[in-house]
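Order of writing sets the labels: A, B, C, D, E, F, G and H. Residues in every chain begin at 1.
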Amino acid sequence: LRQGVPEVIFGEGKTPEQIALIAGEISGAGQNVLVTRVDAAKGAAVSALVPAFRYVPLARTGSIEVAPLPKRAAGAVAVVTAGTSDLPVAEEAIETLRAVGLEAKRLYDVGVAGLHRFLHRVEELRKASAVIVVAGMEGALPSVVGGLVAAPVVAVPTSVGYGAALGGFTALFGMLTSCASGVAVVNIDSGFGAAMVVHRMLPKE
Amino acid sequence: LRQGVPEVIFGEGKTPEQIALIAGEISGAGQNVLVTRVDAAKGAAVSALVPAFRYVPLARTGSIEVAPLPKRAAGAVAVVTAGTSDLPVAEEAIETLRAVGLEAKRLYDVGVAGLHRFLHRVEELRKASAVIVVAGMEGALPSVVGGLVAAPVVAVPTSVGYGAALGGFTALFGMLTSCASGVAVVNIDSGFGAAMVVHRMLPKE
Amino acid sequence: LRQGVPEVIFGEGKTPEQIALIAGEISGAGQNVLVTRVDAAKGAAVSALVPAFRYVPLARTGSIEVAPLPKRAAGAVAVVTAGTSDLPVAEEAIETLRAVGLEAKRLYDVGVAGLHRFLHRVEELRKASAVIVVAGMEGALPSVVGGLVAAPVVAVPTSVGYGAALGGFTALFGMLTSCASGVAVVNIDSGFGAAMVVHRMLPKE
Amino acid sequence: LRQGVPEVIFGEGKTPEQIALIAGEISGAGQNVLVTRVDAAKGAAVSALVPAFRYVPLARTGSIEVAPLPKRAAGAVAVVTAGTSDLPVAEEAIETLRAVGLEAKRLYDVGVAGLHRFLHRVEELRKASAVIVVAGMEGALPSVVGGLVAAPVVAVPTSVGYGAALGGFTALFGMLTSCASGVAVVNIDSGFGAAMVVHRMLPKE
Amino acid sequence: LRQGVPEVIFGEGKTPEQIALIAGEISGAGQNVLVTRVDAAKGAAVSALVPAFRYVPLARTGSIEVAPLPKRAAGAVAVVTAGTSDLPVAEEAIETLRAVGLEAKRLYDVGVAGLHRFLHRVEELRKASAVIVVAGMEGALPSVVGGLVAAPVVAVPTSVGYGAALGGFTALFGMLTSCASGVAVVNIDSGFGAAMVVHRMLPKE
Amino acid sequence: LRQGVPEVIFGEGKTPEQIALIAGEISGAGQNVLVTRVDAAKGAAVSALVPAFRYVPLARTGSIEVAPLPKRAAGAVAVVTAGTSDLPVAEEAIETLRAVGLEAKRLYDVGVAGLHRFLHRVEELRKASAVIVVAGMEGALPSVVGGLVAAPVVAVPTSVGYGAALGGFTALFGMLTSCASGVAVVNIDSGFGAAMVVHRMLPKE
Amino acid sequence: LRQGVPEVIFGEGKTPEQIALIAGEISGAGQNVLVTRVDAAKGAAVSALVPAFRYVPLARTGSIEVAPLPKRAAGAVAVVTAGTSDLPVAEEAIETLRAVGLEAKRLYDVGVAGLHRFLHRVEELRKASAVIVVAGMEGALPSVVGGLVAAPVVAVPTSVGYGAALGGFTALFGMLTSCASGVAVVNIDSGFGAAMVVHRMLPKE
Amino acid sequence: LRQGVPEVIFGEGKTPEQIALIAGEISGAGQNVLVTRVDAAKGAAVSALVPAFRYVPLARTGSIEVAPLPKRAAGAVAVVTAGTSDLPVAEEAIETLRAVGLEAKRLYDVGVAGLHRFLHRVEELRKASAVIVVAGMEGALPSVVGGLVAAPVVAVPTSVGYGAALGGFTALFGMLTSCASGVAVVNIDSGFGAAMVVHRMLPKE
């Protein structure tokens, strides 16, 4: 078991049959499986083949849980989004956190253009053991969050936006050059990646 | 006189002699001249040729003022910077505002990673007739400003930063996709351009 | 009510149900709502759910107007397009202007390659309180307009064209480096953004 | 003699000694030689080695003319620039035209933001056998010229400008997507290339 | 009639109804019309609305010819392609040449990797009044052609290829930096543009 | 004191006088200061102005330490480099770790093309509380490290390499798409950023 | 017969009828034919037209073999993939190797994040006459392979991945800057190209 | 000794002292050393420190040879360049070939725009055991060479050219999409890389 986590299958570019086969082998050996980037049609097809497959539409993930989930002492991880279109990525992060035994606290739709709405949530943010910030377009949210909390901040750029949003690259580059120091960045739309960064940081038990 | 403003010469890629010649002709005809993007050496050389040339090192501009500056009823324009490296661009904007008869109010070094420092300045911001926001790196500042003031906001990306800052393109793209609506954007490092946008908007007398 | 304008919902990446829900809440509270970037199928679906939803196919916008539109003293805003393919973006601008209480004057299909056709419209252009210039491909129109009018000019690049048009980036970059000074630029295809820039500039009553 | 033209040496990345050697061999065989992209220092060094080397600083070219220049019946070629910073590229074109026996007519500094100045020159433009249009920044000039003349139009983007000018690529892409049809385009800063395109088009005698 | 040519409508992003309307107005006034970038479905729809519409599937163009085509003394224009996938672009050029009264000679599938096949065609190439070279991928063909013929050479990059072909930009940039001098370049896939460049160069009668 | 760390000044684009002034103010108030991206000449100039300024040439950092460094219980952080040209970035990370009270263990020159040399160091790697991996060119090292250790892995792309290395972007993008999951990424050449990510993760006391 | 290999047709952008025609002509003349980049629908259509067409779905290739395949003394070529999504590209390489008379040995799913799985296969790798390494995302595998074997290594980047994977360009650039020396690179997803590089290297009989 | 070749040091970004130290250690152990990308000043400095250092200015390489060079049975490798500016890269390849025991045959300045000059050299090309093709600008030469020889072809793009040459990327992408099949590509300006690819392919003794 690499790194003490469930096996995670990258669902994109695999057929339902291939996913069912690989996931079946792993879970048959008594290990939990998470599959990411599974669209609705593929999710239904895998569920038809593998009744134990629990598909989560918003997160576009599915899982088979044959062993108890890990129990970890770390406090809840805050998952913050700038807008509502960032939700699928945030939920992918939350499903992954769950798979590695971490609890999540959702703080959605707190973009910095509505600063007062954001400021109301700062106390909650400061209680988190780590903060995952999910934002598209100009990706400004991690800069503001990073200046207000001392905990680890992992920024996930999303492909939300058009034109100069560059399919997520503007948010990605903005997060990498954030004027708040110590912001860790992962790939565009990779809620999975952010959760795994947090998994490595927090106490394993 | 195009657009009712002083002639503005783009100083880059011109010799001191060429600048002196063109500027001399215009001022000789009784019209003010502003020259932008003039580095220190070139500024000194032009000053040696044209004693009336007033060079401003920080703004990298020079001017010859033979006619009174316009007097305009518009209130002061706020010029806000995220960091101290953004100053030359801000000062270029201010020299241009001056040339078109507009007054500036400096609010420097109020980047969003230090939110409390920023929040102290909001009342001042709200009094401005227009706001020019100068920021490099991830260029997050206009999103926060745009959400807090109803006046026109003109964002100037700067080439401050390295790596993923992309020489100012990350800030430029971020400002173009700002989640605050109605932010007008100009070219990278173009304090001149931002001032001219404001010039067009505010009452001419 | 942020910035004194109706709430504007970004329709892309939201389901008809989500749009109906959010728009219903806002209009239920007595406030007007505008939804942008809604394609024909989604527009029909929202209309089916919310009879008060007024969908405008060419602009790809929809709105619910429960309160009287603002009345503003500012004169008409000229909305100029280079070609006929730029119309959807121009109409999005016009629907947004309407929502913030501003009147529009259409000057369509006046690209600079047919200069005489363009010159016939200059007098009309000069009467506008502000000019929104919508152009794709090489985006040359704002440079010519900017040199002829003293009013604010807001340039909107469109994704019209192929190959070297780069999906609108060539027009975007061309407008940012326009040889006419004081041209304000917004994101590719963002008629909404241009209208909001104008909204900030013109007298609110 | 490939294509019936003098040999043209690309001066960049060659030492003065190498240029002197190659140019000496060709001219020694009784053929004219043109060298492009030679900066001032290198031009002086080659002149010191080869007294017959005629260096033209503004064009950054040098030549050795041992045979009479070709005489061609074609009328003058108009060479138009948008701004004064485009002059070196225009002069490189003119030196190349001269080398292939073509006469040039300069129309400098007629950028489209000052449309009236431009319109005064249209009659002259229409008399040219071909038009070379040299422009940087947004490169809008060829679109206007192309709509007004029926003769061949060759557009040369220049690297003049900063930020979104992208070192000439914005002008290049703008010219390739010009709304005026039939505009031929050459590489950034390639006055030489534009002159050679014209050379191919016009009668050889 | 701008530039003495039939009106050319850009078919992309227009509905069949819009095309029928505009084309009908022009042809109703006794002038020929060419429509480019019309896919098969749209071509059929316009034909159903306008019986006189002659659709050419391979070229993706349609035309209404109500006046006699111009008769011009210029010899045939060679249209050369590197591979068979470049045919649609070549045929668009040929339909445009026809519309402006120019005859075409096809030399297809003569890519430089099969040099002997190419060398057999050189004599034919040398007889052409102008050469349009259509090539995708690395776009090497214009360099070889340009070195062998003295006539005008217009290079059209195509979007044929994958990966590093960059949707035609590799061919575009390669043609712009061709080691053969005097190659004129047009936009990616623009057979129309190449024909219009040739139209401007050749005698009008 | 934002985030409980010493103030860190971005030295690029500031004069020695500006650095001396700002650093003097902070240290005068009893707080430690770190200055990053200070080249040798600037380092000497600041040292001349501020004798307490400790300049570290290899790391291109300087510091003034007026208060005791923090003492933290966390174990040593491994700082791994692929090649010797990556050293300055690694040393910048180490100076920053020191400033926030963390100890570093150097594992230099263990690139994956010499796998056996790398495998000898795995045991050491597994003892680290966190691993900072510094690599340029293709940036493959974090993928191998990430698969072998369970601790947090922070990857720093460097601008080492030429051509397709893209000044560090190839390593940056490679690290963001690493097949090892949970790798956190920071900006190109940002040893400082990596250390600050680690600072946030490890126990503060 | 160019280069002593079967004719290979690029299937993309050709209709089934065109493929059937060209393939029929070649095989009718007694020569083998391979068609690449043929999707399932097109494969079925060609098979219906040409019964001798052997379609291989996973490789997206088809062939007509009318002559015996070449027999070559060279040992087996190892074809290595990082993940299971890289299979289609690997199988295209294998079908091409077969067509030029070379045998393949598959080593699939040996990505470097699971180093122990990889190390088990090194002995097999070292026996190969050449190694084709197929990898997407960060493309790190060729660097590790290149350091462990002395035989020729040909790297094929694949378009597997999202966001910063850049559709295969990150892997492409990573392979071109690999810290293992002497890695030959081909175009993204070009299993065909890699096999042809190997074909040129190995003894022809 | 990795791969049976001399140690090769990447000279860029290392001080003369560092190079002298590393090279001294290796040669002191009886092994030959090659250092690449060493400019003239650094070459002189290393020579002053290490008298045995043999610096080759044109190739920008230096070497210490303490053991006899390998003797290999493979025939000469053709090294072909398109223009004279490509020479430094070609000579780097030749110095590397020498270091691994391979002989080179120079065919310089045979660009495809002068096809007849090129055709005279084809017989020589066909005798080579492998061909290294060095070309900048549009990089067309490998396509022509690849179609004429059956031996391995390794293409090296160079950074020669300006504007659309993109510092070598146009040649790089052109070579990767060459219409001649089986062309192996290496990094921009990497004569070293091409020689190492050839080293792997040819018999080791």
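The rule we apply is simple: contacts are C-beta pairs under 8 Å (C-beta built on N, C-alpha and C of every residue); 3 or more make two chains touch, one makes a residue touch a chain.
Since the structure is predicted, the reported quantities are computational estimates derived from the model, not experimental observations.
J.: Using the contact definition given at the top, which chains are in touch with both chain C and chain G?
T.: Touches both chain C and chain G: A, E.
J.: Going by residue numbers, if over half of the contact pairs line up, that's a repeat, so tell me which of F-G, E-H or A-G repeats E-G.
T.: A-G
J.: Which pair, A-G or A-B, has more C-beta contacts?
T.: A-B
J.: Could you say what rotation angle superposes chain F on its sequence twin chain G, using C-alpha positions and rounding to the nearest 5°?
T.: Nearest-5 rotation angle for the superposition: 180 degrees.
J.: Which integer distance in Å separates the CA centroid of chain D from that of chain E?
T.: 27
J.: When the C-alpha atoms of chain B and chain D are each averaged to a single point, how far apart are the two points in Å?
T.: 35
J.: Starting from the mean Cα coordinates of chain A and chain H, work out the distance between those two points in Å.
T.: 47
J.: Among the residues of chain H, which are close enough to touch at least two other chains?
T.: Chain H, residues with two or more chain partners: 2, 83, 113-114, 147, 163-165, 172, 176-177, 181, 187.
J.: Throw together a list of every chain pair that touches.
T.: Applying the touch criterion to every chain pair yields A-B, A-C, A-F, A-G, B-C, B-D, B-F, C-D, C-E, D-E, D-H, E-G, E-H, F-G, F-H, G-H.
J.: Considering the complex alone, what residue numbers of chain C touch chain E?
T.: So the residues of chain C in touch with chain E come to 83-85, 113-114, 160, 162-165.
J.: Using the touch definition from the top, list the residues of chain D that touch chain E in their complex.
T.: 2-5, 8, 147, 150-154, 172, 176-177, 181-187, 192-193, 196-197, 199-201, 204
J.: Report the residues of chain G in contact with chain E in the complex, numbered from low to high.
T.: Touch residues, chain G against chain E: 2, 10, 12-14, 18, 37, 157, 159, 168, 172, 187-190.
J.: In the complex of these two chains, what residues of chain H are touching chain E?
T.: Touching chain E from chain H are residues 82-83, 111-115, 137-140, 143-144, 146-148, 161, 163-166, 169-181.
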